[in-house]
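Each of the next two complexes has subunit A plus one other chain: subunit B in the first, subunit C in the second.
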Partner chain A sequence: MSHWSEATQERAREIIARYPQKRSAVMPLLYLAMAEEGYLTNEGMEEVARWVDITPAQVQAVATFYTMYKRRPTGRYLVSCCTSISCMLLGGDDVLHAVEDESGVPHGETGADGLLSVEHVECIGACGGAPAVQVNYELIEGVTPDKARDLVRWLDTARPDVVNTDEMQELFGGVRSFDWAIREGEGAKGPYPAFQALGTVGREGET
Partner chain B sequence: MTYPLVVTRRMTDHPADSHTLERYEATSGYEQARRALTMTRDELVEEIKTSGLLGRGGAAFSAGLKWSFLAPARPSYLVINGDESEPGTFKDRQLLERDPHQMLEGVIITAIANEVHHAFIYIRGEYPKPARRVQTAVDEAYARGYLGKGIFGSDYDLEVTVHLGAGAYICGEETALINSLEGLRGEPRLKPPYFPAAKGLYMQPTIVNNVETVSNLPHILAMGSEEFIEIGHPLDTGTFMISISGHVNKPGNYELPHGLTWRHLIYDIAGGVPGGREIKAIVPGGASAPWFIPEIHLEDQITKDVCAEAGSMLGSGAVIVMDETTCMVRAAERIVRFFAHESCGQCTPCREGTTWMEMILRRIEEGQGRAVDLDLLLDVSDGISVGLAWPPKMTTICPLGPSAVSPVLALRDYFRDEVDEHVKMAGCPLKKVEAHA
Partner chain C sequence: MPGPCQIAVSCRHVACTASGGLGVAMGEAGPEHVTITIDGVSHEVPAGALVIKAAQDRGTYIPRFCWHERMNPVGMCRMCLVEVQGPRGPMLVTACTNNVADGMVVDTRGPTVKKAQEAVLEFLLANHPLDCPVCDKGGECPLQDQAFSHGPGESRFVEIKRNFAKPIPISDLVLLDRERCILCARCTRFSDEISGDPLIEFKSRANVTEVNTFPDLPFSSYFSGNTIQICPVGALTSAQYRFRARPWDLQMVESSGMHDTAHPRLSVQVSQNEVLRLVGVDNDATNHGWLSDKDRFGFQYLTSEERLTMPLVRQDGQLVETTWAEALDRVAERIGLIRDEDGGEVFAVIGGGHGTNEDAYAISKFARVVLETNNVDARLDDALSSHFLAATADRGLIADIDGADTILLWGPDLKEEHPTLYLRVRRAAQELGVRLVVIHPRATGLDDRASMKLTYRPGGGFALLDEVADGKHPELRQALSADRVVAIVGQASFADGPQLAESVAAYVRNKAGSARILPLARRGNIFGALDMGLAPDLLPGRVAPDHAGRAALAESWGEPPAARGKDTRAMLEGIDSGEIRFLLLVGADPVRDVPDPRRALLAMDSAEYVVSIDLFLNDSNREADVVLPAAGFAEKDGTVTNLEGRVQKVNVIAPIPGQGRPDWAILDDLAERAGRPIGLANAESIAKEISEVAPAYTGITWDHLEWEARDGAVVPLSGSQPLSHIPVALKGDNAPTAPLLLHVGRTLYDDGVMLRHSPSLRPLARGAVVHLNPEDAKKAGAQDGHPVRVVTSHGEGEFSAILDEGTPEGVVYVPFNQPGGAPLGTDAVVRVTAVGR
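On to the complex of A and B.
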């Protein structure tokens, strides 16, 4: 028996159909499980195991390998500050400290009210717009410590349902890795990447 | 000064809508995919071989040759590597986001050349916006009949699945990427026997190509390999994307021909160093690459071969410039920390070695270093990369561990005094900054 809603189950079926072997759907299904519950629970991993016919231990082995599968309750907004080499050279550590100080949440932890999680991350591919920060994986480039404080206050007061990279870049960003051109409205609804590979249906499963 | 643009031409000429299907088709888009359907596998492979196109993911291997190695067993698969995660690299992000149809046409051409009927585009998890753009492009292509059953009205079927990673640098290594795509931990496989061309995805013959590599293909077919060779350097044809970051006035991606000098790149193209400060070190090809110093390397040409002769590599084309205010121990610690964090844990020298290197570098930076620490670092490094040679003699399945040695070699060769000073002063002589993590 699935714990997921009928809509989520339908998405799971569509995702699995996009791969020649169903085990390949483990990663997108783990994201689906996170979207369902806000983070990856043991029940979520068991559910994924049932969908692709492997053991929960095998699912857990995958889930623990990747940093973006959060197995502990995660804030509504996950603030990830890059402190890899290029961001470090241009003050990424100061941006991280500003986020920690303004929010009162040390990196690696979640605030008591469940609003913010703060982490420092390795390179997020925004080195030309260093230092960079992501909120629920939506990117902001060219962030200063002051702007980072503004960002934390904005998340606390505005509490947007959807966070969008273009909007946050305008409000809190600076130098960018390249011209982003037009602005789009799509964005993240929780601490997982805003992407659904569901536009088209792939081949029927071969196994 | 201007240089011929290939993969960034459309986004430069049409910045507002280069990612749309309308713009793509208005600028000769999908003409070469149609043409490829009329060509044989041999013709296509030969054309790309002749063009001299080298893989742009870091290994710089001939793309045409790679295709020619594909075993005849079927089904075979194509995997596009968009798991760009090497610190300093952000070029594929721009290509995916700003011209997704160009990459997709390259996917179609590659699929036809290799008789592939299911391609996967693996995009790193931290790139949701590029992934959305690519998925939109894929949807549009399906809607027009450019993907799916009988593409472009032919009898050729091609399915494309966009797959999102979840935060693991090692999945950029092609066999780790294949494991990841199979729903396994992203651990590299041993080569041999697991060469993707023979035993790849689902143990079937598989081509793994980088985003920038396939983005070049429509242009090579359009202009012909002769003209492509004219651009750039005879041994390193066409253009390549350089991502330049760190202490430069104009960081960003630049599409350039091979063969320019580092001086020209840093001072003329990237606008020089802020405040007119001196360069202290250059990472020439992503965090894995051994460092250059301006006194020796600034006038060198930027080509694969010159870089290799100088004991480093162009890698993913990521250039990181560090000025005179940068603490080299701190910079080394940050790069080594990356590899320690990203080690998949399979091979002991890498898993244990990178972790120890990170801890030793941190204690030097924080003022608890000992006089023997540099030798200790070199000893641990030797355990990962025997003889500290370049290219490395590996004790590991993949090159991740040996990559972590590069910053330590820079400390040994160019910045030994700075390490000693840290030990003597019990702290960083340049700037006392609280180390993080």
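On to the complex of A and C.
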């Protein structure tokens, strides 16, 4: 007896079918649980445990190990500022402070209106374009403190349904690691990574 | 409505075992050897062994926390670092994850290793609190010991240590102190690899990693106590033992657990004459060091305030305390009167399945010599035939399951009734890749490791067996036609007659290349009791009471009675009908323990004279004429015989409260007063008499068990067992066709006398519950957790409904003998209605 929507259940079945052992599907299913409820609840973990036939304690072990499984309500936009070494050397901390100051949300927390969550994160693989920021895991490189303030104001006023890396890069970014990279138009529609299989991409079918 | 049986075939998970670790223990043919050098000394060691194990077996102890001989290695704690000469020069490797190779040069104590060990310990102690003086583990703590033997002596850490709330209960029995935890994963691996209920796991990561349960889902494992024992620090402690003693104040003696017919080996630990805890002892043959929580914590009844301490006799309708002389003279006089009037036929003896072999022998001799009767039975109307249990042809050993091609388990849920055997079967299926077939009316604790699982409707076992024989289940037939098949058979449900298990055994013996049979029965020393002749159709040493059997005993006992004896059911019916005038109960509570208690209640109400030897007043002896206080576990020494016929020594370490005496001493005294002395001087001399009188026990003396057979001796030692019972295939009744059928099964924790008086375990009994398939619940209008009325032709009562997918449609599962639960008898047809509120 699942509490999930029929569409989510169908996705869960498809994902589980990809693996020789059910339990291997625990990580994608945790994202499904997050997408279903906005964040990962205890009930969500119990549901995943039933789907992949392991105990809730075992699901919790995975869910608590990885920081991208959010076990508290997260804002509509999750702003992640990198403070690992390359970004730190190029002003990542200033970018973080600018985001905190402009939004009024200290890192690790969510604004009272539920719009924004701010966090500082370890390396997100964008050292060539440091300092880097992600909004709902969509990357923006070469961000300055001023651009970061613009980004926060834009999220507050424009409130896009889908955030997209290329769009935000043009508006708020600077130097990119790979300016020849293929553009992708899908974007993310919530504070969880956008994957086709999970049904979490913003505009399905677009590239 | 479902058909007579549903077949479900699931794929088996075969966890890969790291080479070495568990594999070496299997060692069938002599393993190949390689030569390695440990600290400059050359050794021959088994090829493929882990370095840590090879070194240990050659006398070099490498310190460790996470590695445990009975679990797969993980290399988490890094304490076992040793230096190995490699192709690129010397390097530090973990001895618990590396296998020996020919020519390997290992250094376990040079300066590099010493520095590594000191560093590891310094890091482990960076967060570990130094609260050893108030820690239960202090004095027997591997971390404490190894910090002394291998540590740097000083720490450079001045930072504040981790803080957690402590201790937190993770179950009713286990407390967790996360500050002390060194994250070795012994407990989590045990619950995953060994007991199969991974309800504790690591949580979070890095510096804040902790072991914990899921919120509101406690570590309610039947084996949770093992994690306390294997925790190498004081992170997991026992709620029951907490702050009760320091290890150096404990006296201890080795013995066997008596809640479980496998007889797991354990250490009884006592302070100030009180048993304070039981700790598992590693025994290759039985328990591998593990204990179920019932065996570990189910001893508190020994020190209960309710223990009987004085002989009681009925006077003016009340049981009053008296002297042994007065009580025994009364009984002796009554025995003489009745025997003179009616002879031995009117006596009945029920019980003896909980004591030692010496006690059982005394009961057997007392019944035959003093009471002149064969009306004696240690089974309580819930067991297979005595000849099949005690002397089946091709009887197997527990260890046989490790090398089997197929294990057939057609009987009770081992997790509930035979926890030691459950762990062995789980290991065989999970770690050794043995094919496991489980046949049971509902879900069992081993289903997740079964390569094949069949369910059948209660009472429909014979129909299923016929189907198998007719070739309707080809896959199962094929599995049973394998070369080495071990059939573990017992009564899965009260609705199945006792003949089913024997018929299954007969089928497997015909089918398999070579079959080994392990028949199951309940009550701690039931197999010892049967071997001592506590059944109407057995004499000591697995001898049938035929002419030859009686003649052989005549020299030492005088000719035993020839009349055919009654089993427990016939005795209870005989009491009700007046055929039986005198009932002796020895550690037996038929009202609570027979499947259909109406029969026992009627018998107890109409009995002319009842004498009970027991630890407590119970529902059966409350109205007795004389109640005599007995000695309990750890209060007497002797031998016991487990389900494979293995005889082990149990030992005394605690005094008997009040004036209690061992069963054999009571009966010897009584026999003397009744004018028919049976000549039993002490337990050891009884053991000697058994080894002379009981053919299967020839040569099994206490000396033999204490000095030569440390893991116990399997009887018979030679081919001296006179009785070899060939299992017979029988035809059973047709399965009842009612839409709902009752399945009554035992659970580990129930309302038995010993658990009722053990405060730690009493609250864990299931209570009055009934398991319903959600579809059946819907039809009956029953909701989860709400009361329903369950009615059979034998009884009725109100139970709390549990909606359970593991119980097939058409089956109503009620755990037996639960606090507050009404007895429902053995009738399979049942009605369930929701109780309106």
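To be clear about the criterion, the second predicted complex is superposed on the first by the 193 of 207 C-alpha atoms of A that agree within 3 Å, B and C clash if a C-alpha of one lies under 4 Å from a C-alpha of the other, contacts with A are read in each partner's own complex, and residues count from 1 in each chain.
Convention: a contact is a pair of C-beta atoms (placed from the backbone, for glycine too) under 8 Å apart; a residue touches a chain by one contact, two chains touch by 3 or more.
Treat the numbers as computed from the prediction; the structure is a model and nothing was measured.
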Between subunit B and subunit C, whom does A:Q21 touch in the aligned arrangement: first, second, both, or neither? both
Considering only the touch criterion stated at the top, classify A:R11 as touching first (subunit B), second (subunit C), both, or neither. neither
With the two complexes superposed on chain A, say which partner A:L139 touches: subunit B (first), subunit C (second), both, or neither. first
Touched partner set for A:S177, first subunit B, second subunit C, both or neither: first
Taking the superposition as given, does A:R76 touch the first partner, subunit B, the second, subunit C, both, or neither? neither
Between subunit B (first) and subunit C (second), which does A:K147 come into contact with in this model arrangement: first, second, both, or neither? neither
Touching A:F65, do we find subunit B (first), subunit C (second), both, or neither? both
What's your read, subunit B or subunit C touching more residues of subunit A? B
Where subunit B and subunit C land on the same part of subunit A: residues 21, 54, 61, 65
The answer for subunit B against subunit A in the complex is residues 11, 15-19, 75, 84-90, 92-94, 97-98, 118, 124-129, 131-132, 135-136, 138-139, 142, 147-148, 159-169, 180-186, 202, 243-247, 251-253, 283, 287, 318, 320, 322, 326, 330-331, 334-335, 337-338, 341-342, 344, 433-434, 436-437
So, in the complex, the side of subunit C touching subunit A is made of residues 13, 197-205, 212-217
Would you tell me which residues of subunit A are touching subunit C in their complex? 21, 42, 45-46, 54-61, 64-65
Which residues of subunit A touch subunit B in their complex? 18-21, 23-28, 30-31, 52, 54, 61-62, 65-69, 83-86, 88-90, 93, 96-97, 107, 120-130, 134, 137-139, 165, 175, 177-182, 184, 186, 188, 193-197, 199-200, 202-203
